[in-house]
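Here you go, one structure.
Order of writing sets the chain letters: A, B, C and D. Residues in each chain are counted from 1.
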C-alpha cells in the first residue's frame, strides 16, 4: 500500500479564468514559484464558463482533483461571472459530498492576477490534499482506468 | 368528478375551449392515463380519482402548440410546475384554461403492492381506508400507508395559478420534507456512497424520470445530443448513472418544484427526489427559502446572487 | 420429477454456483432483479416478475463489440470477448422463457449474432412455474402455459419444496451433476398445483383478451388505422416499456473514447426515443404516434409476419405495471377491438 | 479533419532547460490531426514566424499550435503570423509550456511530460476550432480621468492637447491632489505649488477639458470604446456660475471647528470653505455635516453675506451620464492610519507628526505659516528625529510589505530644508536602508549627509516615549555600531507608508479592473503594458498603480494619455469574435440565459425553425455580438447546451479535459 501511495501521481485539472487566475498562474511562473506538475491548467474566459459537466467529465476521465480559479468576488472582468460560479459550484460540490465523494476533491479559489504567490500556495495545498485523498475511485469511468 | 365533467362539457359546448386535458379511466382499477378529450362522448371515460397522480402541466407544452385553448385540470402541486413553465416561456397562458382541482393525496400502486397485495381486481376508497378485492382474497389498507411520498410532504393545497377552482382538498402533509436528506447528510462518506451506489446501480436509463419531469422540458436533452459528447443510452458502469442524475438534478436546480413525478415513475423505485430535495435544501439554507413555481416572475436562485454568498467550501463544510 | 426441500435451496444455489455462475432473482434496494448469486444476496423466489426481464443474461444492456487501441499513430482492433464460462439462470417464468425464444429468432437466425449465441450455448435455463399470477398477466393470450414453463429444466415451488424436472439434454446433464441433493418428487402434487394456478389464470382480468385482427400479414389493415391517432397522446417517449420488456431487441452501436482507446459497444435502444434510428437527414418517424405505432406493430404484426406467426409479446405484464402514463399493449389491443378495427 | 502544425519554442533556455523540446515535437507528431511539428529557438522571432508561414504553405496547415510562453504574452503575435500566412487567426492555440511548466518545474522529465500533455490539450482543442471573424464596434471620442491630482491633470491635458474631449472627476472640492499639499519637491527643491498651479489653471482653461469636482463615479457599464458612466455631482450648495470666489462666506461662517482636510487636521476650517487658496474651481462648498444651517435650520450667515447670491441650500446631488471611449484611473494615494503603531506615540503626542503633516508645517500657507515649531507648545525644536519605513517594508499585518519608495527622498529633503533654514537644529534619521535610485537622487542624499550634516543612523526605532517635560525620548538601535540609542527629541517625524486612496476598490469593481492584495491596480503586463489595466480601455496613471514620485507619475500620466489617445484615434474597434451563439435547433427559448447576461446581449425572437424538414414557429435566443463580451455565463445556465461560446466551446473545453486526463 505504501509503495502504491508513493507512485500515485494524481491528475489535477485547474480551470483558470483568463483575466485573473490564468494571469496569476503566469505570475507564479515568472516568479518561479513552484507547484506540482500534476496540476494542468485549462484557460477559460471566466470561471462562470465552467460547466458542472466539465468538472464531472474530468472525474469521469480519471482526474483525481478539480479546482476552479477565478477573480475575487467583485473583481470579475465581466462584473458578475464569479458570483454565478460561486452558487453553481456550491451546489455541485455539496451534491458530490451528498453522494459520498470525498470532500476536498473539488475546490474553488479566487486568485487575482497579482497573486502569483497565492496561486502557487493554493496549487501546492490542493495537490497535497489530493495526495492525501489518494486515487479517485468513486467518480471515474472504469473504462478509462488502465 | 361529475362537476369536472360538467364544466368540461359546458366549456366545450360554448366553444371557449378546444379540448380538455384530464385523465381517462384505465382498464384496471389503478391505471388512469393522461388524455385529451375533444367531445362529450369522449368525456364518458373521464376520471378523477386517487390514482390520477400524473402532473398534467408537462402536457401543456404540447397543448400550447395546438390550435385554440385547452382546459387543463391541475392539482395544487401541478400549478407550481405550470408557473415554472410559464416563467420559461414553455407554455402559453392565453391558450390555457386552468381548473384547479381539489386533492386529498394520491396513491402509489407500488406501495400497495409492497403491502403484499397481489392480483388486484377492484379498489374502493372508503374514507381513510382502501378496500381492495384481489384474486387471492380481500384486503383492507390504510390510505395513509400507501400515499405517494410526495403527498406526505405536500406543499399545501393552495393552487398558485388558476382560472377557477373545483373540489375540496384534504391536507396530507405529515412529514418533514428534508428528513430523509438530513439522515443521509449525517452519514459518513462511505455510507452515503454505498447508499447511492446501491440505488443508482438499479437505474436502467429508461429516461422516465427525465421525460415525465416538467422542468426537464428541453427540446433535446444534453444526454441525447452531441453538444457535450455526452449522448448515452446506457449505464456502462456506475459513473454514468451518477453523471446523469447529478447533472439532471443540477439542470433543474432552482427550477424543480418538487412535484415528485421522477420518484413516482421510476420503474426501479429509485428515490430520485432525494437529489432535487438536496438542492432545494441547500438553496433554502444558503440563499434563502425559495419555492420554484410559486409565481411565474421571481428570478431563480441560480440566475441571481448576492455579494456575500457562501463560498463553495463553506457550503460543503457547513455540516 | 425430483424434489428438494425449500430450506435446502441455499445449499442447491451454493452447489450450482460452485461450478458455474448462477443468476437468479435477487432483492436489492427493494427491487427484485436477476443478478449474480452470492452468499450475501437476498434471493427472492416469491416475486412473480423481476422489474427488468432476465433477457440481460443473454442480451445485456451494453456490451463491447470491439476495442480500438491506439499506439502512437498505429491502431489495432481487439474483438470483444465471447462468453466462455457456463452459467445457470434460475427462476425464469414461462413468459420470460418465451421471450428468450423470441430473441433466438432474432439473434440465432442468419446472420448469427456470435455474442448472443455464445451466451445461449453456455447458459442453462431453469424456469419456475407461476403459482400466483397477477392482474397484469396475459401470457395465456399468446398460448403460454405459465404452469409448464419449459427451458432446460422446469420447476414448481410450493411452501415446502421445489419440484424439479429436467427437460432438455442440458437440463438432464446438469441435474445429474447435483443429483445428490434431490429426492423423488410427487407428480400429482405438481399437477394439483398446475390445476390451481390454471383456474386463477382463467379468472384474470385480461383472460379474455382477443388477438383477433392481429398477427402475420395484418400490416395494411392496421398501419393506417385512425385508431392510432390519439393512442400515444400521453406517451412520454421514455424507454421504460422497452427496457423492462423481455423481447425488445433493438440496440444502438456507439463509441466511447477513453483517451487511449475507443470502445465500440452496443446498447439497448428504444423505438420510443425521438433519436431512434436517427439519420443524417433526420428521422423517418417524426411523431410520437409513429414511434408508438412502431413498437406495437412490431410486436403484434411485423414480428409474427416474419416469424411464422410468433408474436413478440409474451404477456408478462411488466409494461402494464410500469408505464409512467399507464399506457400499454393491452390498452392498444382493447382500443382496436372496441373500435372494431 | 484539421491539418495541424505544432511549433515548440525553446525560448532560449527558458523552456529548453527544463523541457526536452525535441521530445515534445516527437510526441506531438503522434496526435490526431498533426501533420507537422518542429522546434525552434525563438518562435516569436521573425525567423520563427517565418517557419510557421513556410509550414502553412508546404503542409497546407489549417490549424496551428504553438508551445511557448503564455498566450497573454504572444497569442496576438502568433495569430497575426497565422493571418499573414493565410490562416484564420483563431485557428491558433497556445500551449503555455513556459510560465505554466518550464519555469516552475525543475525536473526535466517532469517538465517534459507536462509539456507534452499541455501540447496534447492544445492540439485536441485546435482540432475543434473553427475560423472566427471579429465584428466592429464604434469608439466614443471622449475620455474620462478619475482623479484630479497631478497624474489626472497631466493625463487630461495630454489627451486634450491631442484634440479629444476629456472629463476629470475629482471627489474633493478642488483639483490638485496630494501635490498641492507639498511644500517643496525633491531633488530640485522647487516649490510644489509653483509648478502645480499653472497645470491646474491650464486644465481649467483648456477648452477640451471639463472638470467635475466634488463628484464621484457612480456607475460604469459598457466596454472599451463605449463606456457609459454615471457621475454623481455632489451638491456643493454654492452656485458655481454665480460665485465670484471672494471668500467672504468662509470668513463670516460662524462654524469654524472642522479640521481642515487640506492641512491634515492641523488647523480648523469653516463649514463653508475652499480647501486652499489656489483651489480650482475657486468656489467654496458647504460641508453639510458641519454646517449649522443644515444641522439646525437656523443660521444662513453665508447666504446673507454673499453679494452674488450664490449660496443655494436647496441644491441636490446630480447624476450626469456620459459616454467615454477610454477611462484613465488616477486615484492616487493617502498615508496609512497609524492607530496600530502605538510605539511611535503618534496619538499621544502632538509633536509626533507624519511627513505629510510636516509638509504643511513647513508651508507658508500651513498652520504655522511656515515656521518650524512644535505643535504642542509652539516652541522651536532643537532636536528632530525622523523615523523611516513607518509601516513600509513591514511584514506584520499592521503595515505594508512594500517599499513606499518616496520616503527616503522626501526625508532627505526635509532634513536638508530644516538644516538649511535652522542650522542650530539637529536632525537625526533612523533608517533601514536608504534607497536613492533616481536621477540626481543619491547626490541629493549625500548632500544631506555631507553638506548638511544630517545624522543618519542605520537602525530601527523601538519606542517613542513622551516625557513629562514635553520632550520625546526616542529609543532606537544603531545596527552599525551595534548599540542601543536613547535620544531626546523635540519633534519626531514619521515617514508613513502610503497606500492607494480608500475609494479605489469601489472604482476598480465598477471598472472590473483587477486589483492586487495591497489595493494597487494591476497592470496588464508588469513590464510590457505597465499603464494599461487588464480591462480593455482602462488605463492607469500615477500611484494608483504603485508607489512613485512626481516625475514618474507625470511620465506615467503621459504614457496613459498616449494609450488612451491611441484608442480614441480609432473610429472602429475590432470586437472579440469569441462570443456566445445559440443553436436554434436546440434552443428552448426559456430566457434563462438572458437573466445572467451582464451586457443585455441576449434577446429572443419568434421565428420559423426548420429542424430536418420539420418546420415550427418558436421562440429562440439571439446574441448581439457587438454587446457580447464572451464570458460564457449563459452557456452554463443553458441546460440543453444550445448556448455555446465560440472559441471556448463545450466540446473544445471537454477535449482539453479529456487530453489532460488521459
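Definition applied: contacts are C-beta pairs under 8 Å (C-beta built on N, C-alpha and C of every residue); 3 or more make two chains touch, one makes a residue touch a chain.
Just so we're clear, the structure is a prediction, and the values are computed from it rather than from any experiment.
Comparing the chain pairs C-D and A-D, the larger number of C-beta pairs in contact belongs to A-D. Put simply, the C-alpha centre of chain C and that of chain D have 71 angstrom between them.
Distance from the chain A centre to the chain D centre is 29 Å, each centre being the mean of its Cα atoms. Computed centre separation for the pair chain A/chain B is 36 angstrom, with centres defined by C-alpha atoms. Note: centroid distance chain A to chain C, computed from Cα atoms, is 46 Å.
Counting partner chains per residue, chain A has residues 51-53, 57, 61-62, 74, 80, 84, 88, 141, 143-144 touching two or more of them. Residue positions of chain C touching 2 or more other chains, listed in rising order: 256, 258-260. Within chain D, the positions touching two or more other chains are listed as 596, 637, 650, 654, 658, 661-662. If the chains shown are joined wherever they touch, the resulting network links each chain directly to all the rest.
Looking at the complex, you find that chain D touches chain A at residues 70-73, 96, 98-101, 103-107, 110-111, 113-114, 117-118, 121, 505, 508-509, 512, 514-517, 520, 522, 526, 534-535, 578, 596, 598, 629-633, 635-637, 645, 648, 650, 653-654, 656-658, 660-662.
Chain C makes touch with chain A in their complex at residues 256, 258-261, 263. Here chain A touches chain C in the complex through residues 61-62, 141, 143-144, 146, going by the rule given at the top. On the side of chain C, the complex with chain B involves touching residues 28-31, 33, 48, 51-52, 61-62, 132-136, 200, 203-205, 230, 233-234, 236-240, 242-244, 252, 254, 256, 265, 267-270, 273-275, 320-322, 324-327, 330-331, 334.
Interface residues of chain B facing chain A in the complex, by the touch rule stated above, are 181, 184-185, 187, 189-197, 222, 228, 230, 236-240, 242-243, 246-247, 249-250, 253, 275, 278-279, 282-283, 286-287, 301-303, 305-307, 309-317.
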